[in-house]
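Each chain carries a letter (A, B, C and D) given by its place in the written order, and its residues are counted from 1.
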Amino acid sequence: MEYILAKYNYWIYILLMMIGLYAMIAKNNLVKKVIGMSIFQTAIIVFYVSIGAKRGASIPIIAHGHGHDVIATAVSAAEYANPLPHVLMLTAIVVSVGTLGVALAVCLAIYRRYNSLEEDEILEQLR
Amino acid sequence: MHPPFPTATPLLAICSSLVAVPLIALSGKKPNLREFWTLLAGAIKFCLVISMAGWILAGNTHTFELWQFLPGLSIKLTVDGFGMLFALVASSLWILTSVYSIGYMRGLNEHAQTRYFCFFALSLSATIGVAFSGNLLTLYLFYELLSLSTYPLVTHHQDTEARGGGRKYLAYLLSTSIGLALPAMLVTYSLAGTLDFNVLGIFPEATAKSTLLVLLVMFIYGFAKAGVMPFHSWLPGAMVAPTPVSALLHAVAVVKVGVFSIGRILTGIFGINLLAAQNLNTVVCVIAGFTVIVSSLIALSQDNLKRRLAFSTVGQLSYIILGIGLASILGVQGGMLHIAMHAFGKITLFFCAGAIFVATGKKYISEMVGIGRRMPYTMFAFFLGSLSVIGLPPAGGLISKFLMVRGALQADLWWVLVIYLVSSFLNAAYFLPIVYKAFFCSEEEALFEKKVDEAPMCCVLPLTITAGISIGLFFYPNLFYSLAQIAIAMP
Amino acid sequence: MIASEQAVALMVVLPLLSALVINMAGWFDRRLCFPIALFALLGSCCSAFITVSRVIKSGVIHYRLGGWAPPMGIEYVVDHLNALVLVIIFVVSLLALLFSYKSIQVELPEKILQFYTLYLLLVAGLAGMTITGDAFNLYVLMEISALTSYALIALGDKRALVASFNYIILGTIGASLYLLGVGHLYIMTGSLNMADLQTILPALLDARAIAVAFVLVMGGVWVKMAFFPMHGWLPNAYSYAPSSTSCLVAPLMTKVSVYIMIRMMFSVFNPNYIFVYLDWGRLVVPLATVAIIFGSISALAQKDLRKMLTYIIVAEVGYMVGGAWLANVTGLTGAIYHILADAMMTLCLFMVVGAIIYKLKDSSMDSMEFIFRRMPVTSVVFVIGAFAMIGIPPTCGFFSKWYLISGAIETSQWHYIFALLFSSLVNAFVFFRLFEIGFFGKKPADGHDHHAPEIAVSEAPVTMLVPMVLTALSLIAIGIYTNEIVTVLITKTLPVGL
Amino acid sequence: MIWQLDLLILSLIVLCALATISVKDLFSAAIIFGAYSFLMCLLWTEMGAVDVAFTEASVGAGVSTVLFVAAVFRTTRKVKDRGVKRYWTKGVGLLAATSVGGVLIAAVGDFPGFADPLSPASTHLSPYFITNTLTDTAVPNIVTSVLADYRGYDTMFETAVIFAAGLAVIAILRRSKTGVQHESREKVILSEGYEDTIIRLVARKMVPFMQLFALYVLAHGHHSPGGGFQGGVILGASFILIAISYDMKMLLGRMSEKWNVLLGNIGVLVYAGIGFVCLLLGANFLDYSILHRILPATDEIMARSHGMLGIETGVAIAVSAIVVSLYVNIASQGKHDKGL
């Protein structure tokens, strides 16, 4: 029980990932696939951000630190959350919105040509 | 004492016809100029080869490393007795075949003659390359080049039959070389660490007999140009090619390259000591002996002259493999010598078949009754050629067969002797009736609608010469014989 | 000298900057796009060659981006292996660019601007993937190359959109799996720098999470390289794309992915872990065998030239994966050499098909009819490319097979040898069928001395012929210089402990 | 961190995810997906990842939702249910999902406990960033300093990704110019039916504040959550608001397609250009400290800070322009005639 509770974030991210992956592969509607893709990507973000969490730490912005003249006060690493996963995930979010845009554009172009968003109908027209 | 050996001569000998390819291609509009290039390249090639012969006969070998492809493995040219023997045969016959081709192609007004001569020159380069290969990789390279450059020659007519023959040709040759010879070569390399030919064999002593056996079988079948059954059927199929192609490529270049390769592998990769010691020579003899007998029997039943010649070739090739496979000194010498003897004899026969076709348009033996009166020179040459192939005096074939028989005795393989005798009898049985019908049966006029005369000069001259050489080799076999002796002289 | 030190950075920066410049200049005059792209790639090419010579002379180059020491900052690491891959990337992209000059004017006259911008971004992404020493940075660059290739493929004919959509879905799965794998590495080690990871990982051998990280990274990369059974997206995507896109994408994308697989296997994990501790070579090599056989048989069944080539790519990916997983030096050498060889072979054949499409507006096998008379230069190039694919010496295809088979012999993986030989034979069959159509026409001629119908020579434009001929020559040159390439570049990169 | 709250949000997220992939109406799916993103945003704030939360709020919940809605609006809302025929695909999907899930579950056992301060991730690299950000770069927001400087190379390509996406959407969707003019002449005011004075008034009044806030987020990114991305997205959102409340012509009148792409281009160019200037000055690519040679009254550390501001500005320009361009093209199917 403790094993499950201590890592609940990780269990949830796996669940989200499975939902997203299932939607990407099994859904017939293209927009649904794209939604699955977004869920899949956010699941990874959950994972990374969970890595960055630190018990008893504050947000990764150094308090009262304006300019490098006042750095006499030593900064303790334990006080602040791990910033690296946050940075990585900023990048990942932006990348995912880029992918989302392109995927939706392709969906629209497909709809314009085949007048359908259902995969099987499109494949039938291609045949 | 000979002058120092020019290093690059073997390379030049290979390249002389390669250089001719673009020249031939560019002068396609002017047939005379084109044929001049062909003949010039042939003459240069022959001179280059013969210039090395003295040096080789003095007991030297020459190795020339051209390019290192892989670590410890290079493109390497070696001139030794065996290679020299083969190169001499191939380059001398090329000149004759070129003359003959000119007569044949012009006589029949064939299409795409430029393409024909281009690939003809290319395939000769590959043949000489095989002859001078210093290691198995180089040999394989030229072997593949030969398969590819002869494909357009085989499919020359471009009709359904030619295309079928061409497909079969490539399918057999490529699939065996890629599927059997290449992996066998790689396994050999990983076992021995080298692929350079060495009369002592290159395998380490610890190699298991079963491995050797598998490799041996893969090599023999892998070089399918040698026509060992059951990978022989491309050869009759490829008879759709124009006759000069059949003559040169299926009496000399292609098939002899296959046999030469197997000979090289038996003597240079395995080494005859190993073959004899491990009793592997029996395996070779069984495989080759089977082909000898079966192909001779098939040849008996063929009516198409070229097909009969083709099956005869299949049998004779295995003769050579049988000789080398005996793994006794005399047997190997006989096998090597038979490459030359059979080449001159068989090319005469093919030339004759072509000449008959040019003059009369006949392909079938049953239609050639009494033709000897019309084409006496041709049919007499045919007679001499068949004597050589059967191994009767006064033709060169006798000497090589005699050596091989002695080799069988030397190797203590009595049953091989039986194969030789039976097959010689069969050879006689499928050749001599043709000659008999041509000369001694009453002429049936109905078979020849119009007046038939000899084929053009260009066709008759080469076949007369080769027939003459076949006989001449009976009396003066020394050149080839001493080359063969040098080739197998154990250090 | 500064210029040669900065050449490392310029390789990636030049295509990126020039992509932006092209986009700006192109809004004013479209004719500016091509020359800018050409100069940028020429510059990158020169930088790549300078870098290679530096690597050969003085060993591995580290370049700190932003001046930060790794593992804090991101660094470029150029060793012999990725120097080779970088040269491949820039040479191929330069040749493909030259090739695209005419074909793009016919196929996508309205999208020239976007095409060249995306093209250079793609090149920048591929080069960045190859050069980076940071596992996460690799993901970002993987996405940029993926995103641009989605778009470039979607510009193709009417079926390209659906193919591109499938590619987006599967490409995203692949990249995400990779990212997840990097996440697992990060949670276990706290580091993202490849060299740093390699020093930390041996202490964590027993952790199951590390094995999972390895599976995820490999899974992601395999999806990206279309390794069987994750190959489904590739054939359609590459065969419906505009021909100038497929000339760039087909030779490079899978090859760079293979390179990344090798890099992850040996520069992040180590051979001891993969082959001794996990011992998964026994699982992957049979899969590679299946990939090769499947790819070859599918290629045999195709009627369309490009479709056929794409299935050959699927088989070739099997070659390289199998070679890398043979767990010996020879096999890995073969796999790396095959990256080079296959990139050039694929480029060669795709350009030939591109030229045929340009001239005849058709890529079915029937379009090859009398091609030898119609487009003699193109068909000679085609013959050389086909020989390389079949593996006929002295083209480079023979030598990669040589190494791969030797490597398999050393480990007695006979099924893999069989698959390689089988695919060579199938390639031979496939290409000779085309030669026959190209040489003699579809239907056999009847009669003895017929003369084929008169067909005027109508060759592709010079801007297509030049890169094609250069590529064909390079196939032979690479084959002839095998020994040099292997000893100077490849053997230097082989990981210790193999 | 309150684990009860955490758990509550996580379960809501899973519910939303399930709902969004199972509803039959795509419009609902898009809206539920928006809710999903907002919940994510909450979760991350709660976990201390404020910058990620900010980005998710603006990018994930904001722009993504708008794009989804626009796409659905342009195509169809209905999802046809063909459950019967698709057993095979569903089987593959289930198989893939469970196998990947199984592999992932196998790994979790080895993970350090959630939020463990002694985990490798918290002890290996991050302490360096936390303790040295002020001495190295004089930027108190560690996320900003890592994003824009320590890992500035990542961020440059991230901007390039966005730029590439914008360009890709144009390449895929945009139709020829002649066609556009032709169609827009026919339908002059297309959003007539949606005309609503209150909305327009509120929107018009909001836009300047949004833009001001965007500039604040950008400029203050060194000291508080935010930065180029967030600022850029908000700036872009203000333009999208105009397009939604009025019509696309009004937006395009203020910011033509050409300028849009050019701005996106310039943004990335500012970023890469600053990096390139560093290279020209003799330092490594993106090594801003060298900029102190050309910037007045700065030492090497402040040069890094200023360099970051420069590239963040570039990012903001690029992101805002590309977000608008994404919206314009997707909402109008590349015809640039009408929006939502």
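Here, contacts are C-beta pairs under 8 Å (C-beta built on N, C-alpha and C of every residue); 3 or more make two chains touch, one makes a residue touch a chain.
For clarity, every value in this text was computed on a predicted model and none was experimentally measured.
Peer 1: Using CA atoms only, can you tell me which chain is the most central one in this structure?
Peer 2: That would be C.
Peer 1: For the chain pairs C-D and A-D, which is connected through the larger number of C-beta pairs in contact?
Peer 2: So, comparing the two chain pairs, more contacts are at A-D.
Peer 1: For chain B and chain D, what's the span in angstrom between their mean Cα positions?
Peer 2: Centre-to-centre distance between chain B and chain D: 75 Å.
Peer 1: Using Cα averages as centroids, what's the distance between chain A and chain D in whole Å?
Peer 2: Here chain A and chain D have centroids separated by 12 Å.
Peer 1: Just curious, how far off is chain D from chain C if you go by their C-alpha centres, in Å?
Peer 2: Chain C and chain D have C-alpha centres separated by 31 Å.
Peer 1: Taking each chain's centre as its mean C-alpha position, how far apart are chain B and chain C in Å?
Peer 2: Chain centres of chain B and chain C, defined by C-alpha means, are spaced 44 Å apart.
Peer 1: Could you say which residues in chain C touch two or more other chains, in rising order?
Peer 2: 136, 140, 143, 147, 150-151, 154, 161, 180, 186-187, 192
Peer 1: Provide the list of chain B residues touching at least two other chains, using ranges where the numbers run on.
Peer 2: Not one residue in chain B touches at least two other chains.
Peer 1: Would you pick out the residues of chain A that each touch at least 2 other chains?
Peer 2: Each of 17, 21, 24-25, 51, 84-85, 88, 91, 95, 98-99, 102, 106-107, 109 in chain A touches at least two other chains.
Peer 1: Mind giving me all the chain pairs that touch?
Peer 2: Going through each pair of chains, those in contact are A-C, A-D, B-C, C-D.
Peer 1: Would you mind writing out the residues of chain C in touch with chain B in their complex?
Peer 2: 387, 390-394, 399, 401-403, 405-406, 409-410, 417, 421, 424-425, 428-429, 432, 436, 439-440, 444-452, 479-480, 482-483, 486-487
Peer 1: What part of chain A is in contact with chain D in the complex they form?
Peer 2: Spelled out, the residues of chain A in touch with chain D are 3, 5-12, 14-29, 31-32, 34-36, 38-39, 42, 45-46, 49-63, 65-68, 71, 74-91, 93-102, 104-109, 111-112, 117-118, 120-121.
Peer 1: What part of chain D is in contact with chain A in the complex they form?
Peer 2: 1, 3, 6-7, 10-11, 13-14, 17-18, 20-21, 26, 29-30, 33, 36-37, 40, 43-44, 47-52, 55-56, 59-60, 63-64, 67-68, 71-72, 74-76, 79-80, 82, 85-86, 89-90, 92-94, 96-98, 100-101, 104-105, 108-109, 111, 113-117, 119, 121-122, 125-127, 129-131, 133-135, 138, 140-143, 146-147, 151, 154-155, 158-159, 161-162, 164-166, 168-169, 172-173, 223-225, 229, 301-302, 319, 326, 329-330, 333-334
Peer 1: Give the list of chain C residues in touch with chain D in this complex.
Peer 2: These residues of chain C touch chain D: 2, 6, 9-10, 13, 16-17, 20-21, 23-24, 27, 63-68, 71-74, 110-111, 114-115, 117-118, 121, 124-125, 128, 134, 136-137, 140-141, 143-144, 147-148, 150-152, 154-155, 161, 177, 180, 184, 186-192, 200, 207-213, 215-216.
Peer 1: Could you pull out which chain C residues touch chain A in their complex?
Peer 2: 136, 139-140, 143, 147, 150-151, 154, 158-159, 161-162, 164-165, 168-169, 172-173, 176, 179-180, 183, 186-187, 192
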